[in-house]
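Each of the two complexes below includes chain A, the first together with chain B, the second together with chain C.
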Partner chain A sequence: MSELTEVTRQQARPGVRLQRCAVAALLALALLLVPLVTNDYTQYVVNSILVYALAAVGFNVVLGYLGQLAFANAAFFGIGAYTVALLMHYAALPFPLALGGSAVTGALVGLVVGLPALRLKGYYLAIVTLVFGELMRWAYVHGGDITKGSGGLPVPEAAMFGVVADTDKAKYYVILAVVAAVIWSTNRILRSRVGRAFVAIRENELACASLGISPGRYKVIAFVWSGLVVAVAGGLFAILLGRISPESFNLHQLLLHFAIVMIGGIGSLVGSIMGAVLLTAAPEILRNFPGLEEIIFSLLLIAVLLFLPRGLAGLAARLVPALKERLYRE
Partner chain B sequence: MALLSIKGVTVKFSGLTALSDVSFDIEPGRVHAVIGPNGAGKSTLFNVITGYISMTEGEVWFEGQKLNGLRPHTIACRGMRRTFQNGGIFAEMTVLENVLTGLAQVTASSIAGLAVGMPAAYRAEMAAMRRACDLMRLMGISELADRPAKDLSSGQQRLVEITRALATEARLLLLDEPAVGLSVQDRENLMAVLRKLAARGVALLLVEHSIDLVMAISDRIVVLNHGQVIADGEPAEIRTHDAVLEAYLGRN
Partner chain C sequence: MLFQLVLSGIAQGSIYALVALGMTILFRATTIVNFGHGEFFMLGAFLVYVLLHVVGLPFLPAALLAIVLMFLLGMGLERGLFRPMGESAPHISLAMMTVAFSFLFRGIARLFWGREVYPMPSVFSYPPIEVAGLIVTSQDLIIAGTTLLLVLLFFVFFRYTRLGRLAQATSQTARGASLVGINVPLVHGGMWGTAAAIGAIAGILVAPITLLYPDMGGQILIRSFAAMTLGGFGHLGGAVVGGLLMGVMEQLAGGYISTALIDIFAFLVIIVVLLVKPSGLFGRREAAHV
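After this line comes the complex of A and B, so read on.
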């Protein structure tokens, strides 16, 4: 077949790469300069956006790409947060190691949650994963002296490379670096044979097996990666709050992650980021309209779900075709 | 040596016998067809060969290896691929993404390599991309590369599915009613593609209701009725075979 080898696709479009690099560089610069225009409060909101964006990206791997109704996201998030808090509080581990610990724990819990997903589908998987989340919350409440029950655990200040992140602006750079790196990795994995296998399972599991792809293997891989990403987000959440308690990881937390994925756009990484911006920032902005806050917010969500089935990312891709996400790299 | 040997395969579903002692061989690089009335067991035969259902008795051998008990994805990796009667395509993916998915087995990018951005992982992905582009050219679907599969005509979807199935070096391709619902033009196109594949050395086994198509391209035809092989031979023999005329083709 070698006589047919054609010019590869990226060579056919030389300008695109340069353009994308320029956009990425500008975006990076803008992100680095954010603390120049924020105060303590707005910086805290920006930090929350980053953490929720990462949690939603991890959720989207299983929900949007793999297409499985698994609702263990708040559990992964809480496990990551508690792992970081426990490792820093009791073992006095430095923050980077504690965060690494939460990544490993998250991956292992992802594996455990992924195994039932090999047998269960749809509502059955949904209910099992929901119950798992509630079980974890019960464990935090009844964790005695270890988790300090409903009162929660204090999280020591994070230090990285000798610099203590004791203000929201300092935390921002820590959170930004981790979130950017993990989303970058996730993007690389999704836009490869691995991400294509996830989506192929979502689209047609039987046909997927006929192409030599083991659905079971890739389901487990998706859950492991999702668990890792969301647990890292949880670890950052612990740093952001400075104190974690069981109530932070209840159904309300899960619902927020779910809404971010759905409103941003299911099966879209950019969508999860856009969803996190909207659902984290909008309630804060709407506080200026007391009384109308809930009404406007609810109407906004209903409108997006009714008129934009692929969420904000779907709308963006319709307006700017270059934003359409592909399952390969060029 | 036969590429695929089906030896005394019997499949029973809670008392009902779907296939009864079916045996035949498939030779490398030839076009084979299975025909028969509805309910004759054609789809069951496909599913049992490709590992989607397990057989009650009998054996299936591919390239000298026994396939009994292997999972569908393992069998696919051995070099035997199939298409589905309807809806085998990944509708939300583009044509290029569909074809790339078929190359998963030969895309050697490690997950860790992808996650940390190793050049080797990127190179493996790009090699798959080049291969996918070659395949789409060979099958005449390059123009459709960036179209979502769900937007294509059924003839185009059928071609995408075949391209995807062939992405790795399959030696045997099983096609489940590839011509159903196609226009005359698409059907001609499909026949040309199937002939091209056979000429490249890919053995084909098709289940098909269109007798004209089957007679035109098959080297050998197996006729099933009530789960049993009632005839096995070249098209000319089948056309005049008494039992086949009785059960399926009709006299006149």
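After this line comes the complex of A and C, so read on.
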């Protein structure tokens, strides 16, 4: 049924479809050419933007689309990073397999976090997931010889198809390919029956259950997918930094993801990407002033909560109606 | 060893109880769970530090002034951040606002005090009291005494005073309360102020026995969540009993099993309680509103 309407919609407006293809092609070309205009440092910043955009997209699935106050994102991120680092460091697995491993681990951990979410709502879920993140951080610190404690683990350089990604420009293409593929799949899921079920649960859980949409099943699916996406982002983060330590996955990391989702626009994938561009570039500028970053993020968050409930994406949609996303009720 | 551990657990637990008490009072009046309560605790301690060392006030006036300032800050937060969001603001947004202001205060503290730790001189320098081989410091006694006093005060306030009943009515139905002529914003503002002041009192009492640093609120927040969860969310007595139990169990686990366990004990308590009996020891099961 939904496929049918999709087809008729496309046939009715071939011009729009062509226009979209052109925009997408131009965007892809621009993204591929980025390394031509960057130096090592700006390339590193662009790479981090991609990683954080992916982490925020995964967070948004649960926070924005499913509407659950779950704070396990830094935990998923850390688990993905540690999985990649451990698999590459000890098992000497090639990078693509290690990243696959972090996706599987992330999905399993998403399942573990998703199951309590069936019983717990609102604040209780927020507290449990917050605690889960801190518990994981404790585990990294007390992991003995395996995680190397607070000193952290070195991550070997990623190699793909015989090419070693040892520069930031080479890493860029690896990261871009993975991030684009995962964001694209997330978008497909969110626009499918499953994604509409997430939004329906957010709007009214009881009504969903009475219509035969099982809230429990779709909540678990959302958590599993969110865990997978964020763990993959964490795996890319490990490659990007070349060394990971427990302190990379503390409450500060959580604030960054949270701020990206909220300021970019809750319940909007484009918003998460915009938020990542804005907020990932900022810490680089503010690095020399401890505390300033937190102050600016929190002031932006407060401003968004008071004046722009839909964040940057909402603002953009107001200016350019074509950007409006249908899954959010105004 | 057992009695000494229990004793120091009670002293430690009184602090958790005091912080949990502040959160519970706010929760009961406004149904907001304040993720920024740890920052009231941190700011209270730092305010006293500034008033003592920069302004040069003696301890007692400094502490009183800090408490008054924190009360005003709490009222200001309600007026500036929460009232504009409206009565019908979803719980998620309100919780996010508390997260936002907590990081704001943390950032401000970091801007001034960087990443170092600041020792505060002990205020009450009476020698520790020794009874039958057990050692109790005067600081511990003062903390436990203040907690007990405040608990009694709030019990009386909520149960027997007109203002306390107004606060309770407001939390049950803000709309209904305003229909019968209760000034709902004023009640909420007062409760925010009270919560901030209690948080600050806890911070001021603890400051001399711990060190001051901008992130000190985070640790105490999680332990207070554990105390509230254990006692039953929103239950005044539950928060206190939960806090004391948390303190004692933490010390026992640290003393008999492993000191590394102290750091995560609160996490384990939260997870076990929420999975086994989410309503805690004294809480009632919530019914869903359709």
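Rule of thumb we're sticking to: the second predicted complex is superposed on the first by the 296 of 330 C-alpha atoms of A that agree within 3 Å, B and C clash if a C-alpha of one lies under 4 Å from a C-alpha of the other, contacts with A are read in each partner's own complex, and residues count from 1 in each chain.
Basically, a residue touches a chain if its C-beta (ideal position, glycine included) is under 8 Å from a C-beta of that chain, and two chains touch if they have at least 3 such contacts.
Treat the numbers as computed from the prediction; the structure is a model and nothing was measured.
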Partner chain(s) touched by A:R196 [first = chain B, second = chain C, both, neither]: first
Partner chain(s) touched by A:L130 [first = chain B, second = chain C, both, neither]: second
Contacts of A:E157 with chain B and chain C, given as first, second, both or neither: neither
First, second, both or neither for A:L299, with chain B first and chain C second: second
Chain B versus chain C as contact partner of A:P116, first or second or both or neither: second
Touched partner set for A:P290, first chain B, second chain C, both or neither: second
Touched partner set for A:L206, first chain B, second chain C, both or neither: both
Intersection of the chain A residues that touch chain B with those that touch chain C: 206
Chain C residues touching chain A - in the complex, by the definition given at the top: 33, 35, 81, 84-85, 91-93, 95-97, 99-104, 106-112, 114-115, 214, 218, 222, 225, 229, 233, 260, 263-264, 266-267, 270-271, 274-275, 278, 288, 290
Complex interface listing, chain B residues touching chain A: 50, 52, 71-74, 76-77, 81-84, 87-94, 96-97, 100-105, 107, 109, 111, 114-117, 121-122, 125-126, 128-131, 133-135, 137-138, 164-165, 167-168
Residue numbers on chain A that touch chain B, as the complex places them: 1, 4-6, 8-9, 184-185, 188-189, 192-194, 196-197, 199-200, 202-204, 206-215, 221, 267, 326-330
Partner chain C, residues of chain A touching it in the complex: 67, 69, 116, 119-120, 122-124, 126-128, 130-132, 134-135, 138, 142, 206, 251, 255, 258, 262, 289-299, 301-302, 305-306, 309
